[in-house]
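Presented below are the structures under discussion, each in the form of structure tokens.
Below, chain A partners chain B and then partners chain C, in two separate complexes.
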Partner chain A sequence: MTRYLSLYGYFLIQRFKILMEYRLNFFIGSASTAILQAASLATIWVVMRQIPSLNGWNFYEVILIYGLLTMGESITHMFADNLWTIGWNYIRSGDFDRFLVRPIDPLFHLLADRFCHDGIGNFVTGALLIGVSMYSLHVALTPLRAIYILVAVISGGIIFIALNLITATSAFWLTESIPVTQVVFNMNEFAKYPLNIYHNAIRILLTWLIPYGFVSFYPASYLLGRDAGPVVWLSPVVATVFILIAYRVWLFGLRHYSGTGS
Partner chain B sequence: MSVIEVRELTKVFKIPKKEIGLTGAIKALFMPKYEQKTAVDRVNFQIDEGEVVGYIGVNGAGKSTTIKMLTGILVPTSGHARVLGRDPHKERVANAREIGVVFGQRTQLWWDLAFIESLNLVARIYQVPETRYKKLLDQFAEMLELKELFHVPIRNMSLGQKMRAELAATLIHEPRVVYLDEPTIGLDLIVKERIREFIKEQNQTKSTTVVLTTHDLGDIEELCKRVIIIDAGRLIYDGPIETIKQQFGKYREITFETIHSSERVTLPSGAETTHVEPRRLTVRFDRTLTTASQVAAALMNQIEVKDFSLSEPDLASIIKQIYNGALNREAA
Partner chain C sequence: MIQSLRRNVSIYSAIASTAAKARLAYNMWVWADFFATIISMFIFVYFWRAVYAGETTLSGLTLAQTINYILLARLLAPLVETRTIYFFGYMIRQGQIAVELTRPLDMQLRVVVETFAELATFLVQRLPLFLLAWLIFGLQLPSNPAVWIAFFISLILGQAVLFLFDWMFACLAFYVTETWGLSVVRIGVGSFFSGALVPLVMMPGWLQNIAAAMPFAQAMSVPVSFLSGITSLADAPRLWTIQIIWLAALLILSRVIFSITVRKVTVQGG
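On to the complex of A and B.
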């Protein structure tokens, strides 16, 4: 474990050396995600001006949901972006074999191979949004809430990574996994709004099958003191269960790969 | 001591059968049909510590599939493979520590990183002790002339520079077994020579076992005492390179272009026609029995020759002849 941590640190340093070489690219990347977020926020703002309350949730409350989702998403973006490109950049080109002849875990190698700085912009935006929302709603940042947010964001990141890992594994069969990943990933759009505005089916889907609800809506409900039941405590549990399932799926894909090659 | 042991090694791939047109594509989606393709077919061999073995065959013969099974990337369909006593797939990580692999045209280094940074990263992955690493770095830098390359990113390197960098990165953890896939392809003679020297040196000082797949007869002649030839997944020859050279090195071919077609010609003993076309004739002769000028003179006396060319048999044609049983028959 310590070996992997120090190795990851070393990968990260090398990655930043490359990024510094393309400094302009680095800033454009970080800024572009922030700009995209701004556009997305503008949409919510326009919507909320028309309907000041979405099923009892006002603008700043929706912003809290949005901020939590953005922070969770930024974690996959930073640490697991290679899951998007595994098919095209690694399996199709045969570069994935390189990971298999090295004495480290191939999934670790895949993820460590490219830290994606574009996520930093999202991370900062998400944090700012949570701050703005809590400030406007007079929700004080008590130590308990701070820990709760930390755990929720990490769990949220893990939920995103788990879902992307499951869909990325399809690359072992299809070579190109982006369309599959895209379909599941895009479901997070629903989680930008309070889940109680949707039909039951969608709510169940986003809670138990593609659990983006645990990234944003349930933690936000807790922070705002809304009565959502014990589910508000389940984010870390759901994250653990999903990442374990995802890792199993990944290992299954890996076995298929060693049976067939590319 | 036997380092690599392969018994009845077999790999069968299931390949989806493609049908033409839209209906074919839809059918394939719902009722996929598969074809079985045997890439490696009951292959047996043993390689001892410190051997340098040429593993050769035409494209698609099953070379890479074998290497992939020995490196743990692929699982054999049946049969048995052991590298240093381990199952390469089941004990993939332990096996990976002991082996080094160069995959032909692909780089294992980071495209955008300065070469020395890439090397540092590789050394960390393999946990090469600091002092040992420094020492090896100095040695490699001298032998492969790497000093001026250390701060160049891989993307800015020429083919020859890339291959030298690649070799250094592959051997920096001092693997006991090295698989080299086409290490000299596309390189000029001087770089080829340097790379061969380096491989030879590593093999001699560290008794590194080397499995070399190549199309370059020069590589094989200079590095390998033994070759294993594989064709259509089957092992067709395993033995000293000397035998092959004696059998095939003595033959030459002359192709004549003639004014008129002529099928019947008399040739000096030791020469025979191997290919006849209208206005084109190929003659193979044994250099120990006759000479090119005797063959050409004999032919020119009988027919009008427009042009002719002399060639050495290439690896592909040698393999074909071996496949047809030429070697066994003549050796017997």
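On to the complex of A and C.
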């Protein structure tokens, strides 16, 4: 474990050396995702300034949901972005074989190979949104709430990574996995808004099957003192279960990997 | 004269058909795109239903009008995304730009032909989605052919305006090599101010003014407003005139800026 941590640090330093070669690019990349978020947020603001609430959730409450989702997403964006590029960048080119002959876990190597700075903008945006929302709603940051947010954000990030890992594994058969990943990943858009605006079937889907609800809606319900039942405590459990399943799926795919011959 | 015209037509139609084929070659991407669009239609429909829960009209639009507009905007949303900027970055990175510039064709004309061929393929490809939107969400399309003509004219003019703007914006790639970030910035600003996310009339006055000063609405809000019945046909001549002014101004500007900035190009390798 400590060996992997120090290795990760080493990979990170190398990655930053590359990034710092093009400082302006680093800045644009980090800031660009924040601008994409600004467009969505401006949309919510334009709509919600005309109405008192969205099915019982006011503007700042929706912002809290949105902020939690953005932070969860930023974690996979920063630390697991290679799950998107595994197909065209590693498997098709044959570079993936390099990982298989190294004395470290291939999945660790894949993820550590490229820290993605583009997620930094989302991370900062998400943190700001949570802060602004809690301040405006007079939700004090007690130690318990601070720990809850920390656990919720990490669990949220793990849920994102787990779902991307399951879909990325399809690259071992299809070579290109982005379309498959895209389909499941896009479902997170549902979780930008209170899940109670949707049909029950969608809510159940987003809770138990593709559990993005645990990234944003349920933690936000807890922080705002809404009665959502015991599910508000389940984020870490769901995250653990899904990442374990995802790792098994990954190992299964790895056993069936035969290379592309390039 | 005639001969060179015929030669040009055959060259550019070959380019157009290649672009269309390239788009059709990747089956999986099309399915993924279908799925993503259906998801986003679900989200937007439920979102707007919740928004209208306690209201009959917002900024003069009824729920039915807004949903009709938003469904069409979702179906056409990729039209306000851009590939021009990324294409510039790719050419510079690979050194391909040198080849492009020495070709005996006008580069801008070549790329615009490609872009419009892709646009046409894209619209045909999306027809099943229009059908689904009608089946699931009750999307209503006009029966008056004049409305369709107004829509297509304003769509073509608007897409040309957007293409020329992107061409100008993409010249930044000669200075900054990070084109992914530039594309993302352009898509974020573009989708908001084009009216792809929310009808422009719902914005406060000052935001509407900003949107009107930008070219994005020409490619999305203007044509979609015709098709969804928010804009009446009587406004067509006025809106077309505005689009043509945009087009003329950006045509000159984009070519001048390209010819100046292209001197800066530094190929990274290839």
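Criterion: the second predicted complex is superposed on the first by the 256 of 262 C-alpha atoms of A that agree within 3 Å, B and C clash if a C-alpha of one lies under 4 Å from a C-alpha of the other, contacts with A are read in each partner's own complex, and residues count from 1 in each chain.
By our rule, a contact is a pair of C-beta atoms (placed from the backbone, for glycine too) under 8 Å apart; a residue touches a chain by one contact, two chains touch by 3 or more.
Not measured: the values here are computed from a predicted model.
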Considering only the touch criterion stated at the top, classify A:141 as touching first (chain B), second (chain C), both, or neither. neither
Most chain A residues touched (candidates chain B, chain C): C
Touching partner for A:55 - first (chain B), second (chain C), both, neither: second
For A:94, using the defined touch cut-off, is the partner it touches chain B, chain C, both, or neither? Pick first, second, both or neither. first
Between chain B (first) and chain C (second), which, if any, makes contact with A:17: first, second, both or neither? first
Would you sort A:209 into first (chain B), second (chain C), both or neither based on which partner it touches? neither
Check the residue A:32 against both partner chains and state whether it touches chain B (first), chain C (second), both, or neither. second
Indicate the residue numbers of chain A shared between its chain B interface and its chain C interface, in ascending order. none
Note which residues of chain B are touching chain A in the complex, please. 13-14, 65, 68, 71-75, 89, 92-94, 96-97, 99, 101, 103, 106, 108, 110, 112-114, 117, 121, 124-127
Contact residues on chain C for chain A in the complex? 28-29, 31-32, 35-36, 39-40, 42-43, 46-47, 49-51, 53-55, 58-59, 176-178, 180-182, 184-185, 187-189, 191-192, 197-198, 202-204, 207
Across the complex, what residues on chain A touch chain C? 22, 24-25, 28-29, 31-33, 35-40, 42-43, 46-52, 54-55, 118, 174, 176, 178-180, 182-183, 186-187, 189-190, 192-193, 197-199, 202
Taking the complex as given, what residues does chain A use to touch chain B? 3, 7, 10-11, 14, 17-18, 21, 93-95, 97-98, 100-104, 258-261
